Amino acid sequence: MTDAPNLALAQKVLAAQPFSNLLGARLVAFTEGEATLELDIRDDLRQQNGFLHGGVLAYAADNTLTFAAGTVIDAKLLTAGFTIDYLRPADGALLRAHAQVVRAGRSRVVCCRCDLSVVDSAGVETLCTVAQGTIAVPEPSQGT
Amino acid sequence: MTDAPNLALAQKVLAAQPFSNLLGARLVAFTEGEATLELDIRDDLRQQNGFLHGGVLAYAADNTLTFAAGTVIDAKLLTAGFTIDYLRPADGALLRAHAQVVRAGRSRVVCCRCDLSVVDSAGVETLCTVAQGTIAVPEPSQGT
Amino acid sequence: MTDAPNLALAQKVLAAQPFSNLLGARLVAFTEGEATLELDIRDDLRQQNGFLHGGVLAYAADNTLTFAAGTVIDAKLLTAGFTIDYLRPADGALLRAHAQVVRAGRSRVVCCRCDLSVVDSAGVETLCTVAQGTIAVPEPSQGT
Amino acid sequence: MTDAPNLALAQKVLAAQPFSNLLGARLVAFTEGEATLELDIRDDLRQQNGFLHGGVLAYAADNTLTFAAGTVIDAKLLTAGFTIDYLRPADGALLRAHAQVVRAGRSRVVCCRCDLSVVDSAGVETLCTVAQGTIAVPEPSQGT
């Protein structure tokens, strides 16, 4: 919409999120219409059965959906909401969340989808969760 | 379905979730069809604008929906998925998530709704997020 | 937001929807923050097993959520999206969908919830489906 | 899971749905993991502003998601629920809904995504709505 997506700038936004730091999230891709976030599956991110807690998956969906929207909208963004479906228990070395813009919709809203996979120590990736969400541009007077 | 909901037992399940400990979540109510979870809004749970991170709200929705289902189903449960709508930026001293069973649905699934509010230091509660989700009973052969 | 909700006016809007006429929908309540829509469960609204088709329930959720938002926002509205959870197969004489505004959220969006029940010939009402959705106010310059 | 997807058989199921007949829906593809449903955008399927009614889109999402699940699960299926995001007003000659299985998840549930497009008289296709849903296999004792 304005400049090309800037990974370094987006990483600064992520670094300014204390909760993302607490979870150890890293933004590893930020290109036109797509963003990828990763985090190591540490033991303090698990639930009672040893799997990655659904709340970590939901965090990753929320944040990656919003960063994906940020690749096409150069403005302050607010996640309006999202739906998440857990497909299987998540375990492995790494969580990788990849979101793509479906399109900028009506009502100043961007719709995105996100695939969340776990990657084991051998690099094998397994899809474990999918999400779909909408991100709003809250200030219509900013000349977008 | 079998015994009355047991708060102390449910609190043990929560205590066995490392991620819930990391976030400081407390289960404060667990009665027939309802569960309430709270956590203090610490600075390391915020996003870049100083509000509570959406991922914390999503964690609380996920977990409270599942505990609410656990008040009526005495079996291992898996959150199948949920939808979350953020109504306003969340700030305050405390996050309170309250979920209620809508009803045990077809296909061994329990549907619940969750209201998430922030409570300020004066005790004023403001609804900031709503969620709706389904929780599945994964093992049909357990005689439930 | 401006005038009190006007049932007769809202019924005119419904009457101007050819698809609502095809399904025989009636708007029976339209008060501050709430709307109720009903339709007779005719045989041509069923699926292959004799139950009300999920698409009819989804239609009723979509429309009732939007009318509920219309009770608090006096402007053109667009349903941004919704989530629907089917709790049990729906059968009976009448479908009744009742939606309530949760609150007008950030980003010019109204969030509503909807309970869909079937009513049998004896008047007994059974909840069969729940929905949660967001309705957007698309034109920010209209002086709302 | 058993036999290859059978388009003719699936079309018989669709033909046995009175509501699908009322709307004029046609199942045009039914292959491993994918289903496509189409319907002509008749005037009686519109809302008050002349666009296709959201309820028709929701019907098409519901049904196509379930048929897509039916390409991989040879059993009675129930749509557990879905989320739909409307991206733009829908108008044109034809509605085409295409759903794909994401994967068969935990708890005997299949998760699918659906893209809904309108096609104009020149054959130009425009994405207008996206959905994500879960379909349950209700009878665990059938030896699947």
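Labels A, B, C and D are assigned to the chains in the order they are written; within every chain, residues are numbered from 1.
Heads up, the rule we're going with is that a residue touches a chain if its C-beta (ideal position, glycine included) is under 8 Å from a C-beta of that chain, and two chains touch if they have at least 3 such contacts.
By chain, with names taken from UniProt: A, B, C, D = Medium/long-chain acyl-CoA thioesterase YigI.
No experiment lies behind these values; they were computed from the predicted model shown.
K.L.:
Looking only at C-beta pairs that count as contacts, which pair of chains has more of them, A-C or C-D?
P.N.:
Pair with the higher count of C-beta contacts: C-D.
K.L.:
Need the CA-centroid distance for the pair subunit A / subunit D, whole Å please.
P.N.:
Going by mean C-alpha positions, subunit A sits 27 Å from subunit D.
K.L.:
Whole-Å distance, subunit A centre to subunit C centre, using C-alpha means?
P.N.:
32
K.L.:
Can you check how far apart subunit C and subunit D are, centre to centre, with Cα atoms defining each centre and the answer in Å?
P.N.:
Inter-chain centre distance comes to 21 Å.
K.L.:
Listing for subunit A: what residues touch at least two other chains?
P.N.:
78, 80-81, 83, 85-86, 89, 105-106, 134 - these are the residues of subunit A that touch more than one other chain.
K.L.:
Based on which chains are in contact, what kind of graph results: line, ring, star, complete or other?
P.N.:
Topology of the interface graph: complete, with all chain pairs in contact.
K.L.:
Taking the complex as given, what residues does subunit D use to touch subunit B?
P.N.:
Touch residues, subunit D against subunit B: 78, 80-81, 83, 105-109, 134, 136-138, 140-141.
K.L.:
Write out the stretch or stretches of subunit C touching subunit B in their complex.
P.N.:
Answer in residue numbers: 83, 85-89, 102-103, 105-106, 111, 113, 127, 130-132, 134.
K.L.:
Considering the complex alone, what residue numbers of subunit B touch subunit A?
P.N.:
For subunit B paired with subunit A, touching residues are 13, 16-23, 43-48, 53-56, 58-63, 66, 78-86, 89.
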